[in-house]
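Pasting a structure here, questions to come.
We call the chains A, B, C, D, E and F, going by the order they appear; numbering starts again at 1 in every chain.
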Amino acid sequence: MWEKQVEKLVDSALAEDSVWDDVTTKALIPASQEGNAYLVGKSEGILAGIGVATTVFHRVDSALRVKELVADGSRVHPGDRLAAIEGKVASILRAERVALNFLQRLSGIATETAMYVEAISGTKALITDTRKTAPGLRLLEKYAVRVGGGHNHRQNLGDGVLIKDNHLVALGSRGVGLGEVIKKARQHAPHTLKIEVEVESVEQAQEALSAGADIIMLDNMNLEDMRQVVELARGRALIEASGGITLDSVRAVVETGVDLISVGALTHSAKALDISLELETR
Amino acid sequence: MWEKQVEKLVDSALAEDSVWDDVTTKALIPASQEGNAYLVGKSEGILAGIGVATTVFHRVDSALRVKELVADGSRVHPGDRLAAIEGKVASILRAERVALNFLQRLSGIATETAMYVEAISGTKALITDTRKTAPGLRLLEKYAVRVGGGHNHRQNLGDGVLIKDNHLVALGSRGVGLGEVIKKARQHAPHTLKIEVEVESVEQAQEALSAGADIIMLDNMNLEDMRQVVELARGRALIEASGGITLDSVRAVVETGVDLISVGALTHSAKALDISLELETR
Amino acid sequence: MWEKQVEKLVDSALAEDSVWDDVTTKALIPASQEGNAYLVGKSEGILAGIGVATTVFHRVDSALRVKELVADGSRVHPGDRLAAIEGKVASILRAERVALNFLQRLSGIATETAMYVEAISGTKALITDTRKTAPGLRLLEKYAVRVGGGHNHRQNLGDGVLIKDNHLVALGSRGVGLGEVIKKARQHAPHTLKIEVEVESVEQAQEALSAGADIIMLDNMNLEDMRQVVELARGRALIEASGGITLDSVRAVVETGVDLISVGALTHSAKALDISLELETR
Amino acid sequence: MWEKQVEKLVDSALAEDSVWDDVTTKALIPASQEGNAYLVGKSEGILAGIGVATTVFHRVDSALRVKELVADGSRVHPGDRLAAIEGKVASILRAERVALNFLQRLSGIATETAMYVEAISGTKALITDTRKTAPGLRLLEKYAVRVGGGHNHRQNLGDGVLIKDNHLVALGSRGVGLGEVIKKARQHAPHTLKIEVEVESVEQAQEALSAGADIIMLDNMNLEDMRQVVELARGRALIEASGGITLDSVRAVVETGVDLISVGALTHSAKALDISLELETR
Amino acid sequence: MWEKQVEKLVDSALAEDSVWDDVTTKALIPASQEGNAYLVGKSEGILAGIGVATTVFHRVDSALRVKELVADGSRVHPGDRLAAIEGKVASILRAERVALNFLQRLSGIATETAMYVEAISGTKALITDTRKTAPGLRLLEKYAVRVGGGHNHRQNLGDGVLIKDNHLVALGSRGVGLGEVIKKARQHAPHTLKIEVEVESVEQAQEALSAGADIIMLDNMNLEDMRQVVELARGRALIEASGGITLDSVRAVVETGVDLISVGALTHSAKALDISLELETR
Amino acid sequence: MWEKQVEKLVDSALAEDSVWDDVTTKALIPASQEGNAYLVGKSEGILAGIGVATTVFHRVDSALRVKELVADGSRVHPGDRLAAIEGKVASILRAERVALNFLQRLSGIATETAMYVEAISGTKALITDTRKTAPGLRLLEKYAVRVGGGHNHRQNLGDGVLIKDNHLVALGSRGVGLGEVIKKARQHAPHTLKIEVEVESVEQAQEALSAGADIIMLDNMNLEDMRQVVELARGRALIEASGGITLDSVRAVVETGVDLISVGALTHSAKALDISLELETR
C-alpha cells in the first residue's frame, strides 16, 4: 500500500508533466534507441527518495532497469552516482524531471533534518517534524524526515490530541480554564491517544502538569523558562520545545532538558538538494 | 475549471490531514460555538494564494464567511490582517493548518520571485520559472510565480519543444549534429510550437541560430559569452539565461542583453512566508 | 468534509444501484409528477443516519425538499414518521432503496449498541466498538455506535498502538518478552499515542503493568481474573475487556471493575432496523 | 474486471484502515522478519470470499504467498485451516483485519443463504436475494448469496422492471389501474426485460396475470392466498413470495407452489462468521 | 445522478482540452469583459444535447447565464439560434469547442436516427440502437437515439440476454444444440430478463421459437426469410432484424412484419451536425 | 503512461458495458472452456488501434494470449485476420464489443485520414486534424490521424495560440485591430508557443503577416485568394487552409501552395471500419 500511495503520487506528477505528450522526445528520439543514464549528486547532503525516483522510471516504462547505487540515508557528495538506469532513451528522458523533482525535494528535507540531528548529537532529545508540509506530499516528506534521523510528530489531526492556543481561546471565552480543558479532552478524546497541550508560560505548564497532560509543548519560551518547566515535570510528562528554533539555537534548547524539539522549517522551507541525470548512449 | 482543479488539490490536502477526524476539536469545541478569526502576516513578503485559503475554509464548511482583506500580489507586513473568517469555531480550527500550508508556500514563492523581479527592474528582461515544482502543485506554484511578477516557462512537456543536453547526447551518439537536430524537431514537432535549444558555448549558439532555432537557452555561460550570443542573435531568436543564477548575479546577467532568465529556485527552494491564524471568540 | 465523505459514499451507492437508469420509473412515472413520501419506522429501535438518508435524496435530485422529523439517537416506534420528502415522485422512487439501505443498517447498529449501553447503565464503564466494520463504511458505522451511546476505539491502524497476540508471537519467536515489547513500542511508536497491549492471563497483565502499558486489553478472560487485574492496576492503566461478551454477560463483566468493553458484534452482526418509505400523491 | 472491481473495494478498505500507517507494526516488527499464518475457522458455516481475502494480502504486499486451502462454498468447521499465508510478518499483520472483515461478512451471508436453501431442499423453488445490501458491497454480497446456493434477483434498478406498491400509488392517484400500468411498462420499458409486479391480494394477482405480467411478486400474502395465485397462474407467470419469510416459515411457503422466495435478511441482517488469523513464526 | 454522470463526462472533456490553461484567451481577453454568444445551427437536422452544452458552460463558469432557445428533439435549420449565453467572454471562449463537440455529435446521432424513423413512419416497428457506441459516451449516445425517435436496445451486457453466433459456436463445439442453449439460458440467467437469440436461417428461428425464446434476432436475413419467420412466430416472440440495414432498405425490411430493426450506424457512423458559436460583444 | 492513459479509457469503457456482469456469458459459457478467436476485417481500410484492442482483452483477462497479426497503419482487406486471441472463451466474449468499438472507430479515422493524404500525394502539404474529437477520446483519435498519415494540430487549448474570429470580435469591440491583437498575444502568451491567427480575407492575411504572425489560417477562402496569400507570405509564415475542405476539393486547395490543410471531418464524421470477431473452439 505504501507502494500504492507512492505510485498514485507519481502518476499524478507524471500526468501533470504530460510525459505521454513529450513533444521534444517524440520529435527527436528514435523509439528503439537504448541507453544508460545516471542520477548524479551535485552537492553535499543526505539522500532520500531513491525508491520514489525508481518508481517514477518504472511508471513511465516498466521495462527500464533501475539499479539504486546509494541507499536512502547515505551522505551524497558531488559527483556520486546515485542510481543507474538502462533502457529506452525516450523513456528515461520523459521521466527525468519528475524523478528529480521528488528526489531533490525529499533529499533536501533529509539534509536539513540531519543538520538539526547532528547539532544535538550526544543528547537524548529528538528532532520532530510538524504538519507544515507541502499539500499532498506529507507521507513522503515525513518519510524524508525519518531518513534524516528525525522523528515524526502527528501524521494528521486524527492521530494525536494537541490542544493549541486557539482551542484555549475558544474555551477560555466560555470560562473554561486550562485544567478543565485537559480533563474534558481526556474524557471525550479517544482513549488510545495521549493529551498534549501547548503553553506559553511556566504557570500554564504547571497547570497542565497538575491536570495530567501527557505532553507539554512550550511555544516560543525562553531558555530559563524551559529549564524550569523541565524541572517541574520531573518525567511526569514529555516536554516539547517549539517555535522559531534554528540550527544555531537548537543545541542550547536541548540543554534545557526538553525531550522533543519540533521544527516546521524541516519541511516548509528546506532547499532542494542539487541532483541531475546524465545520459550515456551507445 | 481552475476552481475545480483547486478544489481537488484542497480536498486531497484536507483528506491527508484527516480534518473530518480532528480528535482535539471533536473532544473540546462545542458544535454550536461561533467565532471570528484572522489570517495574519508574521513577516514581510508578497501574498499569493488567498483564494486557495478561502477555498480551504469553504470546503471544510460551506457556511463559513470568508472576507479576503488583501489581494494576491500585495505586499504583506507583520501584523497585517489578510482575511477574516466567521462561523463555526470547530470548522475554522479544522481548516487552519491546510489553509496556512497552501498560503505560506505560495506566498513564499511569490516573495522569492518578486525579489528577482525587483533586482532587474527597469530592464525589459523577464524572470521565468522552470518545471522544478513540488509534485502535484505545479498549477498553483506557477500561478504564484505570476503573482510575484514572473513569467511562466513551459507548463509541461507537451507545450514547448526544448532540446536539452541529454537529447543532444542521444542524437550525437548517432552522428546527428545540432543543426540537423533542430531541423528534425521543426519537421516532427507540432507546427504550433517554437523550437528552443539549450547550448553551452558560443559556437553551439551560432550553430543553433543558423539552423533557425526560435529560442536559445544559455546554460551556465559566463557573462562575456552571453553578451556575444546576444550580439550574434540580433533579435532573430529569444535568448534565455539559465543555471545557477542568484539574486546577486541576476542583474549582471540581464545586462548582457538576454531576454529571459529562468530560475529553478523560485519554486524548488523558496522559504514559506510566515503567516498565522488568530482566533477571537464571543 | 464529513459531508464530502458521506456524499462520496452515497454517490457510489447510487451508481451501484444504477439509479440514473431506473427502467421501471422511466417507463411509468411522468417526469412532472410531484408527491409526498414519508420514511416510516416498522419496528422498535434507535435512529441513526437520517442525515445520510437526506443526502441520498438530495444527491438524486437537489430539488427534493426533505424534512427530518426525528433526530439521530431518538427511539423509533412502529408507525413513527422519521422524515418527510416532497418533490418529483420519480426522484423519490429512485432514491428509496439506497436511502433505506443506509438508514436501516446504521439504525440497526445504533439499536444494538444502545442495548449494550442500557445493560450497563449506572456504571462508569464504556461500551466501545472495534475495527470489525463493513469494508468502506467504517466512518458511518462508528458514527452509528456513538449515536447509540457507545464510544469509538481506534479508527484505524494509524491512531492507536495495540499490541496483539500475533505481535507477541512474532517477537516471542525472537526471544523478546512482553515487557521488552512494550518498551520497544514506547520507543518507536509516535510519542502522541498510548500503548495498549492484549493479554490472556493475570501474569501477562502484571507484566504489562510493570512495563508501563497505558491500556490493557483482557482477551476472553474469566470474571475472577478480570477482577484481579483491575485490582492490580489500581488506576495506573485503563482496563478493557474483550472477546465473546454478549448482552447477557456484559453487566457481570462490567462489575469486575473494567473501564471499557469492546464488542465486535455491534458492527459485524447487527440486524437492520425495519424502516420503509410510504408514498402519498396528489 | 471482476478482479478490478474487487481490487478497488479492497484498496479502499485498506486505505480506510490506514494499513500503510500501522503504527504498532512499524514500531515492533522487524522489516525483514518472515513467517507463516493461517486463516482458521472458529465456528460452523459456509465459506465465501476466500479469493477476496487473498486479494487483500496481495494488495498489501504482492510478495506474500497465499495458498487457499478451502474453496468458496465449502462447509467450514471450527479449527479448519482455510488458507496459508507466507511472507513478511509485517505485511500479514497489516492485512489481517481487512481480510477478515471481508471474509467473515461474505461467509456470514453464504451461511445464512445455505440455511434457507437447505430448508427447502428437494423442491424446485429458488431462494433469491434483494437489493437490501450494504452500500458499496452489492457485487460481493450477491456473489456470497450464489456461493450459498441462492439465486440473484435484480442487480440494480437498470436490469429488471419491478412495479412496486409505490409505483401503483403514484399512478393510481392519476386513475391508472394495475392492468394499464403493466401495459404501459411493456410499451416503454426496454424490450429485453421482463415485467414483474408486486401485488397484495389474489384479485390484484389475477389482474396482473390478465394483463400479461411475466413475474408476480406476492407481498406478505398468507399461505392460502399464495396457493390460489399459483393455481390461477398455471405457469403463465413466475410467482415470487416476499416479505417477512423466515427460516421457520420458508418451507411452508414453498409448498404453496411458488417459484421464487426473496429474502432481504440474507444480506441486511446476516451475522459475521467467526474466523481468525493465527501466526506462526520461524 | 444523470446530472452527475453528465458533469463527470463534461469535466473530463474540459480537462482533456486544458480549458483552464487556454493560452490564447489568457493572453488576449480581459478578465472583466462581458459579452453575448449564440449557438447557431449551420445545417438541417435534429437537435440533441442542448442540456449537455449548457452543463459545459456552467462547469467552466457557474456564473454564465445560458438560455436554451430550442429543445432537444426539435428540427434545426441553418441560422437558427439554439441557445444564448451571457457572461464573461473568456469563459464562453474556453467552453466553446467542448460544448460544440458534445452538441454536434449528439445532434448528428439524433439526426441519423430520425431519418430511419421517418423512413418507416406509419408502421408499428421500432428503430433501435446497438452497443456500437463511442467508448465512454454510451449514456449520451443512447439518449440521442431516443431524442431522434429511436428506442434503446440493451444498455450493456448486464441488462439483457442475447445469445449470439459466437455463443452458439462455443456451445456447439460441445454438442449443445440451439434449443438446449435457450433452455440453459432460461435456467441460469436472471429470471427478470428475457431471452433473445440471434439466428441466421428460418430453421434456426423455428428451433428458437420452439425452445421458447422471447426475442429472435434475424442476422442479415433476406426479406423472404424474414417474412417466413414473422409468420412462424405469430406473436409468440418479438422479431428483430439486424445487419447491414440502410436508409434505402429499412422500409422493405419493416414491411416483412418484423417488430424491431437495430442499426449500428446510428451511433458508430453518424456525421456531426454543423453548429457554431457566434460571439457578440458590448 | 500512454499505456496508463489507454488502460484508463479501456477500463471505463469496460465498466460502461458491465462486462463483469455479462449475464449471457455467465449463464452459458463454462468457466473452463478455452478457445481461439480472430479479429477479422470486413471491409477495405487502414488499421488503427490494434494495441488498444489488445489492451481491452488483457484488462478483461490478463491470461488471454493476444497476437497482433497486422500492424497499425497497414491496409486491411475483407477477410484479413488482424489478431489472434487465445484463452478462456468467456473472457473473449466479454471483451469482444468494447475491443471492436475502439478498433472500428480508430480504424475509421485512420482510413478517412489516409484518403485525404492519398489525395494530395506528391505534394509537401500536410493534412492535420482539429480539436473536433469525441469527448474523452482525443488522445486516441489524434493517434489514429497520425496512423493514417496525417499530422496533429493543437492537442488542446494549452499548447498553441490560435486567435480565432471570436477573439477578434471580442477585441474589435474594444477597438483593438488585428495587428495589435497579434502583438498583444506575443507579449502575453508563453514565449515557447507560435502565434497563429485565423483570417477571412487577403487583407487580413496581409495585416497578420505584417504583424509577424507565425501561422495564418485561411478560413473558407477561395482558391484565388489562398494563392494570393501564399504569394504574399513568401515563407515568412506557415499558411493553413481550413473550413469545408472535402476529398474532392483538397487537391486543388493544396495546389494553391498552402502548407497545411486542417480537416474536422477526419474525427467528427468518420465512419467506423467494419471489423468482427470470429470464434473457433476446441
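In the analysis below, contacts are C-beta pairs under 8 Å (C-beta built on N, C-alpha and C of every residue); 3 or more make two chains touch, one makes a residue touch a chain.
Remember, it's a predicted structure, so these values are computed and weren't measured experimentally.
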item: Chains in simultaneous contact with subunit C and subunit D; value: A, E
item: Where subunit D and subunit F overlap in contact partners, by chain label; value: A, E
item: Chain copies touching (subunit A, subunit F) - same or different residues, decided at half shared; value: different
item: Computed distance of Cα centres, subunit F from subunit B, in Å; value: 34
item: Geometric centre distance via CA averages, subunit F-subunit E, whole Å; value: 22
item: Inter-chain centre distance, subunit B versus subunit C - centres from mean C-alpha coordinates, in Å; value: 45
item: Two or more partner chains touched - positions in subunit F; value: 19, 21, 23, 94, 139, 155, 158-162, 190, 193
item: Interchain contacts (touch definition) - all pairs; value: A-B, A-C, A-D, A-F, B-C, B-E, B-F, C-D, C-E, D-E, D-F, E-F
item: Residues of subunit B touching subunit E in the complex; value: 1-2, 4-5, 139, 155, 159
item: Interfacial residue positions of subunit C with respect to subunit D in the complex; value: 9-10, 12-13, 16-19, 21-30, 33, 35, 37, 89, 93-94, 96-98, 100-102, 104-105, 108, 131-139, 156-164, 166-167, 169-174, 181, 184-185, 187-190, 193, 264-265, 268-272, 277-282
item: List of subunit C residues in touch with subunit A within their complex; value: 126, 151-155, 158-162, 190-194, 196, 215, 238, 260
item: Contact set on subunit E toward subunit B in their complex; value: 11, 14-15, 19-21, 23, 59-60, 94
